[in-house]
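Structure in structure tokens, see below.
The letters A, B, C, D, E and F name the chains in turn, as written, and every chain counts its residues from 1.
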Amino acid sequence: MANHGNMYGPSFTFLGIQQCDLDDPKSYADADVIIVGAPIDSGTSHRSGAKFGPQAIRGGDYLPHDAERPHLALRIDALKALKVYDAGDLLMPPGDLVSSLKVLEEATEKISRAGKIPVILGGDHSIASADVAGIAKHRGLGKISMIHFDAHADTGEDQFGALIGHGTPMRRLIESGQVRGDRFLQLGLRGYWPDDKTLNWMRDQGMRSYEMTEIHHRGLNKVLDESFATLTDGCDGVFLSVDIDVVDPGMAPGTGTPEPGGMTSRELLEAVRRICLELPVVGIDVVEVAPPFDSADITAILANRVVLEALSAIAKRRSGTPYSPTQNLLDR
Amino acid sequence: MANHGNMYGPSFTFLGIQQCDLDDPKSYADADVIIVGAPIDSGTSHRSGAKFGPQAIRGGDYLPHDAERPHLALRIDALKALKVYDAGDLLMPPGDLVSSLKVLEEATEKISRAGKIPVILGGDHSIASADVAGIAKHRGLGKISMIHFDAHADTGEDQFGALIGHGTPMRRLIESGQVRGDRFLQLGLRGYWPDDKTLNWMRDQGMRSYEMTEIHHRGLNKVLDESFATLTDGCDGVFLSVDIDVVDPGMAPGTGTPEPGGMTSRELLEAVRRICLELPVVGIDVVEVAPPFDSADITAILANRVVLEALSAIAKRRSGTPYSPTQNLLDR
Amino acid sequence: MANHGNMYGPSFTFLGIQQCDLDDPKSYADADVIIVGAPIDSGTSHRSGAKFGPQAIRGGDYLPHDAERPHLALRIDALKALKVYDAGDLLMPPGDLVSSLKVLEEATEKISRAGKIPVILGGDHSIASADVAGIAKHRGLGKISMIHFDAHADTGEDQFGALIGHGTPMRRLIESGQVRGDRFLQLGLRGYWPDDKTLNWMRDQGMRSYEMTEIHHRGLNKVLDESFATLTDGCDGVFLSVDIDVVDPGMAPGTGTPEPGGMTSRELLEAVRRICLELPVVGIDVVEVAPPFDSADITAILANRVVLEALSAIAKRRSGTPYSPTQNLLDR
Amino acid sequence: MANHGNMYGPSFTFLGIQQCDLDDPKSYADADVIIVGAPIDSGTSHRSGAKFGPQAIRGGDYLPHDAERPHLALRIDALKALKVYDAGDLLMPPGDLVSSLKVLEEATEKISRAGKIPVILGGDHSIASADVAGIAKHRGLGKISMIHFDAHADTGEDQFGALIGHGTPMRRLIESGQVRGDRFLQLGLRGYWPDDKTLNWMRDQGMRSYEMTEIHHRGLNKVLDESFATLTDGCDGVFLSVDIDVVDPGMAPGTGTPEPGGMTSRELLEAVRRICLELPVVGIDVVEVAPPFDSADITAILANRVVLEALSAIAKRRSGTPYSPTQNLLDR
Amino acid sequence: MANHGNMYGPSFTFLGIQQCDLDDPKSYADADVIIVGAPIDSGTSHRSGAKFGPQAIRGGDYLPHDAERPHLALRIDALKALKVYDAGDLLMPPGDLVSSLKVLEEATEKISRAGKIPVILGGDHSIASADVAGIAKHRGLGKISMIHFDAHADTGEDQFGALIGHGTPMRRLIESGQVRGDRFLQLGLRGYWPDDKTLNWMRDQGMRSYEMTEIHHRGLNKVLDESFATLTDGCDGVFLSVDIDVVDPGMAPGTGTPEPGGMTSRELLEAVRRICLELPVVGIDVVEVAPPFDSADITAILANRVVLEALSAIAKRRSGTPYSPTQNLLDR
Amino acid sequence: MANHGNMYGPSFTFLGIQQCDLDDPKSYADADVIIVGAPIDSGTSHRSGAKFGPQAIRGGDYLPHDAERPHLALRIDALKALKVYDAGDLLMPPGDLVSSLKVLEEATEKISRAGKIPVILGGDHSIASADVAGIAKHRGLGKISMIHFDAHADTGEDQFGALIGHGTPMRRLIESGQVRGDRFLQLGLRGYWPDDKTLNWMRDQGMRSYEMTEIHHRGLNKVLDESFATLTDGCDGVFLSVDIDVVDPGMAPGTGTPEPGGMTSRELLEAVRRICLELPVVGIDVVEVAPPFDSADITAILANRVVLEALSAIAKRRSGTPYSPTQNLLDR
């Protein structure tokens, strides 16, 4: 099912961690987390390039690729505290998006059923409709809630007339019942899409969607405070979907649909940390890194750090040790 | 008088809106706003490139260029709520800046007299001396106040020995009486220009000039609070001039004279929104976008969003409907 | 059927020529040539980006976009001597390549049946399987011969397991009988693909495939000399397919699969001119321009010149006036 | 000892100031500050390029290079209020880092003994082990405290098995007693290096190391407040070492080891200003500017501004005139 | 009259040679050649950027800037065999092209009257109308012939309605009688400009204009052979004007109006060498280097080499020693 | 001794071939060729970046990294016909060039003694002094001849005062007797280095050095014809050293010291093929690929092709099958 390493270009794993083979359950029997690449960009409505996202995220680091990453603030090394494997890229030919997404859905279902947390490296955001669906197949309809960082709501009815695309996955997930609308948190929306009709549909589903204006004026932490309780109400777990374009284009230029006025990279990392420390995360995707538009790889490195931040916080949560953001690094 | 579309390269309008012809008043009789390009960069003291600003701003968007742009935070579509036309670029040959600016002055006077709001896409900032002058010819000396976002005061006595240039327009406007010095608000200044002599001249004119230090320590909204009242005191309207270099070079690298330590793009967009919601804006220019120095078009897209933000807030103001920045997007 | 202008970004026509509507036969009744964009890149096996090829080719010129282009060497202006329209981009969603190619096939069939020459701006090379097929439907199986400039033979059996892709179109055309293998000329092949099995299949079809070594040692004109006669033997017309990667990556970096050791841009332009002067060209595509990888737009401009070179030579051929490459420009 | 101007490329001084010759004490007898370039990058563990840092910082400005720079916020011109010379680049061949650093150590010792403030333009951060050592030789072991802006602690035991490198200078300085560990302030740390063992060593030395999380949650000024007193306790002076990668990669992409989640350029400039206003700075280095990875020179310009900010604040401090960050620019 | 060093950015001379002051004749009394920068780009019809040409050409070299350049093929060091000074950039404000060109005309007249060869670093090609005019004022109307490398004839009647611009200088020179049309050699023309009317005017002037097709088919040396004799018939000297866009955009991307299908850099260097070896060159300009569009400075370095090639060949010609292109380097 | 994979960034082998371990002779017992990376750039005199050359060359290909590469012109797959392993990068810290080169020398001696052909991926050209030395230690002083493609002779006496650097390796090899001066062939020299003294030294050694002028006028094949016989006279084997800057900067911009007027990539590939077909090659290095200055990876891909071209021709030579460059691809 899975291709080893990257579908495009040279083959290597996320920061040098061990690889596993999704077709060989023994190869990942002891895993806590399995990283999978979803190298496809034919769901994009504008700039392509996200097919090279998985390899850029895997390799986006200047430190030795030695499968060690001690998190400075959390004082824990996720790649040691957790058992993390890289299953390589799925084979996802760009010409047939529906079939390619089916492959992804099967992969996350398999990983989830095996009791592991899948971390999917996109690819464009159309992959969320599949990777979340796979987990929902295992955990049951409406049993996982969703935290979605993005400049865009991705709740379009269709895209170029098709149901599938990077502008529609959240609609598909809610319509199918895989995720309940009222267990759906969106953070960082802004710009000029979608229109009223779609926004009204979102309201009718009970979605909690925070536009940047509100976050700017009220504060990101306040917004998280008021949302966390709902997310675990009647849900087993939380899926975290991070579209890198939630960050301001100045700090994340390497993406397909950059919308000015976004979060800083610091804010995103802090929020991801808090989510994974406080909530039961059962799956993650990091999407829309488009290397051809990047500058000095800063977007790829940021996405790499989003993955590490999430894993480190998950490890910290499991460790049960205390953490305070105002405590000094050397006192931890 | 006006060239159709872009002076350089392929011809198209701002986000696909309808074009009009400044020589044919019927073509814009029902307009609320008229967009005009001022594609000139021979007023620059350093990097040229802003001559391609108008086409970069017109085309700087990943969404379909379908003349629709529903503003997510304001819940209004300016391109539908207002009648906005694009008159194309004026023909502004680079070799004779004085003559080229004369063409621009005539254009904004004509638009202003027709009762429409001119929105000028620069071009370097030397154009402000002409576009504001055109409006002042119609409205009368000292009848419009000025809000000027910029890293630089642009109040130089001369540039390379000439009166005209992108470092001098604000001086020309005040000296000529077209804008009163004490109705002139500057936001975002920083760096190492101009010298004391010029700063003292500015003080003597009664200008309100906020350097980034003060904005950083007191807050942008506080600074706006204390300035707004004056601006409408004895003035009919406000001209908004946005030099994109007011934003930090990290978020707006595509400009000619980048000065570190600027606003975030979020701050600029919030301030532009507030100004256009609260004050009677009668003209706008967005200048100093220099595409050859941009990265993944992020500066061009930001400038496009500055135009849309202003138009959306003008439309919202005209609609008379309420707006609160802390209200949730889906509750609006 | 056709979208007006570009599918992505602002809308404009090839160098400012008049647009037509493929759904309105009257709009192109007097056309000699119809330009159509095929903005798709989900047939690529590596770097995407060719979906922006049509707009880059349409706009790739520093001269005024005024629908005039007097060819210096041929002393003829194709955009005046011929009636050339731009039908805009076809709507070709990336997620479903098969359906998108079907739209293209219908478009070229329609144009061909109307007696016009279709010129397709790609897009990746998978489009050749459709645009040639459309013409073959009109003219009959095996009635058009093919001249194919490319670093790659594009005769793969499949790509990622699918029949369609930019590595397979020439196989599909021959297998289906749309083009006869022994009326198929390939120029510029090099590198490390395909393998022996495929090369033997090519030989068995009677293809004439010239690798760069042979062209380098024997000369491009000699190779053309020995091939031209066959191409019109039993065929009504010639389809010219130019993959821009036939040119050395140094002169055409903006492409998806750059293979060193190619032709110079001069050689390509000379060869295209000669082909269109001497042979009855009935269709053209220019493909694989991937703007995100370009440098200062030089690849886009080159592709623009390939289109103009072909049109100019077609116009010259129709004019019946003499031409000698060694005659002085000012004596023509 | 010193090469005139830049070691690489054309030769010029920092913003056009006068040059001096370190071998000719008369040439800098009246200096307050001497700028020296340390153009070496063979201490880097990843991307090289910082060898071009000195010339990029010297020339990173769009204003005339006329040796005048009136600071807008401080209302003082450091290049006039202080006597600042540029001694050019030291000759630092890349192949022998130890010898090259020795040259630098001798240079800063000489400058310090002459009673001038050395300002070193790096180069990678390995130079800090030498430039601080030179000053310590003059002032005595443990007599200068250190303020170190950086994403990385640079306290590694070794790098590729060698004691010298850009990951180890702070360890060398403390181990040798040149700087006391408990007079060592670090600001801006983040990411995934170093490991616990090294962090514990740092704690044992009594270092004050602030990770970005703490700075984000407590505020940079609060952190400075609680650290300043210690720094002058038993120390004569403060050395300020600014690794440009302390700033977020979005605002400073031109560096070798970019770590997301950093300070804004505004925050860095404000902090540098405060330090140089309030503390007795006796030496400065600005390091890790790697021009090949920069975008539109924004990182080089930022580093140029860090130097100017420090010089301006030193001049202001010496002037004894008051300064308040909330006072209006035109009232100063 | 002349500014010292570069008008923009840091100040330095061509490869470190000595500077002179055009206002101080003693400073260049013993000169053979004087280099002057003409940093203006407001004559361009499309991309600006050539204002940074002089500094890019002066500094475009990876070797030490030590005023030594032994030419490998000619075995002579022009910077030693000749006395070459750099007079810095002329002050040429972009907003008033006519006045700026007047300054240039006066400079070359002064240099020419002093018996020195002026070498002008552009700037856009509009400068040719001034720099040649200055020499013609000294030597007399029609007394110098012209060799002009360019993709474009630059013989337009006007540009944006003005007589001056980079598309018209050759027309101005011929119309004014400064250069005789029948002593005017053009090499490298191609593309789609100008139209028949202008070409006929060129023919009527007796110009010898070689389009790339003819050069490609007949060979550059043959074309030079048949032209050289005429150029010295009735003329005292030859002016060499090299528009860098004569080279293919692949090898010279950093220019404003790139036209595919040009010479290789090798061909240009060989031709420049032959011209300066065989003909009495009295002035040179190298124009249209636009650094913002360059890639790794290759265009700037090429232009630097064009200058050095010309100077080296002039020195060789003066030395009277033999040269054969087929003799081995080590036998020379 | 050898690091596995790349010293910097993610770890992978040349086009996916099997890795071996230089410390484990069994791992490469059956090898014909062993690829080793020499990731160092502290021998450069100007731009650094070549430390990333090995990974760029290993990964510089758009085809699947599947350890198969059938050469189209030679109709042989070197990666199958030969047994080729990748030993990864040697650990070569940049701060101590002498020690790092010692590691390389030991590696190539070991490989050579094991009867395998070492192929070294640089790194800057200083590595040649070590990699050739290692082979010479095995084969004996003066027993291997040298073919050296380069824009520069690399025969400097010293560099920044040191004996080692990328400008001196050929001098070191001849002085030490490791390679005889009269068995040393240089191809592609040009530009302005070295001076007469060094050239005379070269002549005195009996070197055959072909400058581009001679190659341009006489033809590369003629020059090869007259040199090949000598190279095997008294020598066992030939070492092929390819500095990628022998190719024109237009086609190979990603290098540290680009010199205009070079070979085309086609010419280099043809010459490398001929050399490896006709001469007994016993070692190869490909150096000076500096990825930070590359454009769309074209230089890296070219260097990858140089390696493949050499391996393919070696395989073809061993196969004993005939080859003619004028035979048609499909007839081979």
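We adopt the following convention: contacts are C-beta pairs under 8 Å (C-beta built on N, C-alpha and C of every residue); 3 or more make two chains touch, one makes a residue touch a chain.
A quick map from chain label to UniProt name: A, B, C, D, E, F = Agmatinase.
Just so we're clear, the structure is a prediction, and the values are computed from it rather than from any experiment.
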**Message:** Validating interface symmetry: for the copies subunit E (Agmatinase) and subunit F (Agmatinase), is the fraction of residue numbers used by both over half? Same or different.
**Reply:** different
**Asked** Can you name the chain that lies farthest from subunit A (Agmatinase), using the mean of each chain's Cα atoms as its centre?
**Response** E
**Asked** What's the rotation, in steps of 5°, that superposes subunit D (Agmatinase)'s Cα atoms on subunit F (Agmatinase)?
**Response** 180
**Request:** Find the geometric centre of each of subunit A (Agmatinase) and subunit F (Agmatinase) from their Cα atoms only, then give the gap between the two centres in Å, rounded to an integer.
**Result:** 44
**Complete:** Rounded to the nearest Å, the gap separating the Cα centres of subunit A (Agmatinase) and subunit E (Agmatinase) is 56
**Item:** Separation of mean Cα positions, subunit D (Agmatinase) and subunit B (Agmatinase) [Å, integer]
**Value:** 38
**Interface hub residues of subunit F (Agmatinase), defined as touching at least two other chains** = 9, 46-47, 62, 248, 250-251, 253, 264, 293, 295
**Item:** Complete list of chain pairs which touch one another
**Value:** A-B, A-C, A-D, A-F, B-C, B-D, B-E, C-E, C-F, D-E, D-F, E-F
**Of subunit B (Agmatinase), residues touching subunit D (Agmatinase) in the complex** = 45-47, 189-196, 199, 202-203, 207-214, 216-218, 248-251, 253-254, 256-262, 264, 293-295
**Request:** Quick one: which bits of subunit F (Agmatinase) touch subunit A (Agmatinase) in the complex? Just the residue numbers, please.
**Result:** 5, 9-13, 16, 58-59, 61-62, 65
**Message:** Can you tell me which positions in subunit A (Agmatinase) touch subunit D (Agmatinase) when the two form their complex?
**Reply:** 62-63, 68-73, 75, 77, 248, 250-253, 264-266, 269-270, 295-298, 301-302, 305, 308, 325-331
**Of subunit C (Agmatinase), residues touching subunit A (Agmatinase) in the complex** = 8, 41-44, 46-49, 51-52, 91, 93-98, 126, 159-162, 164-165, 292-293
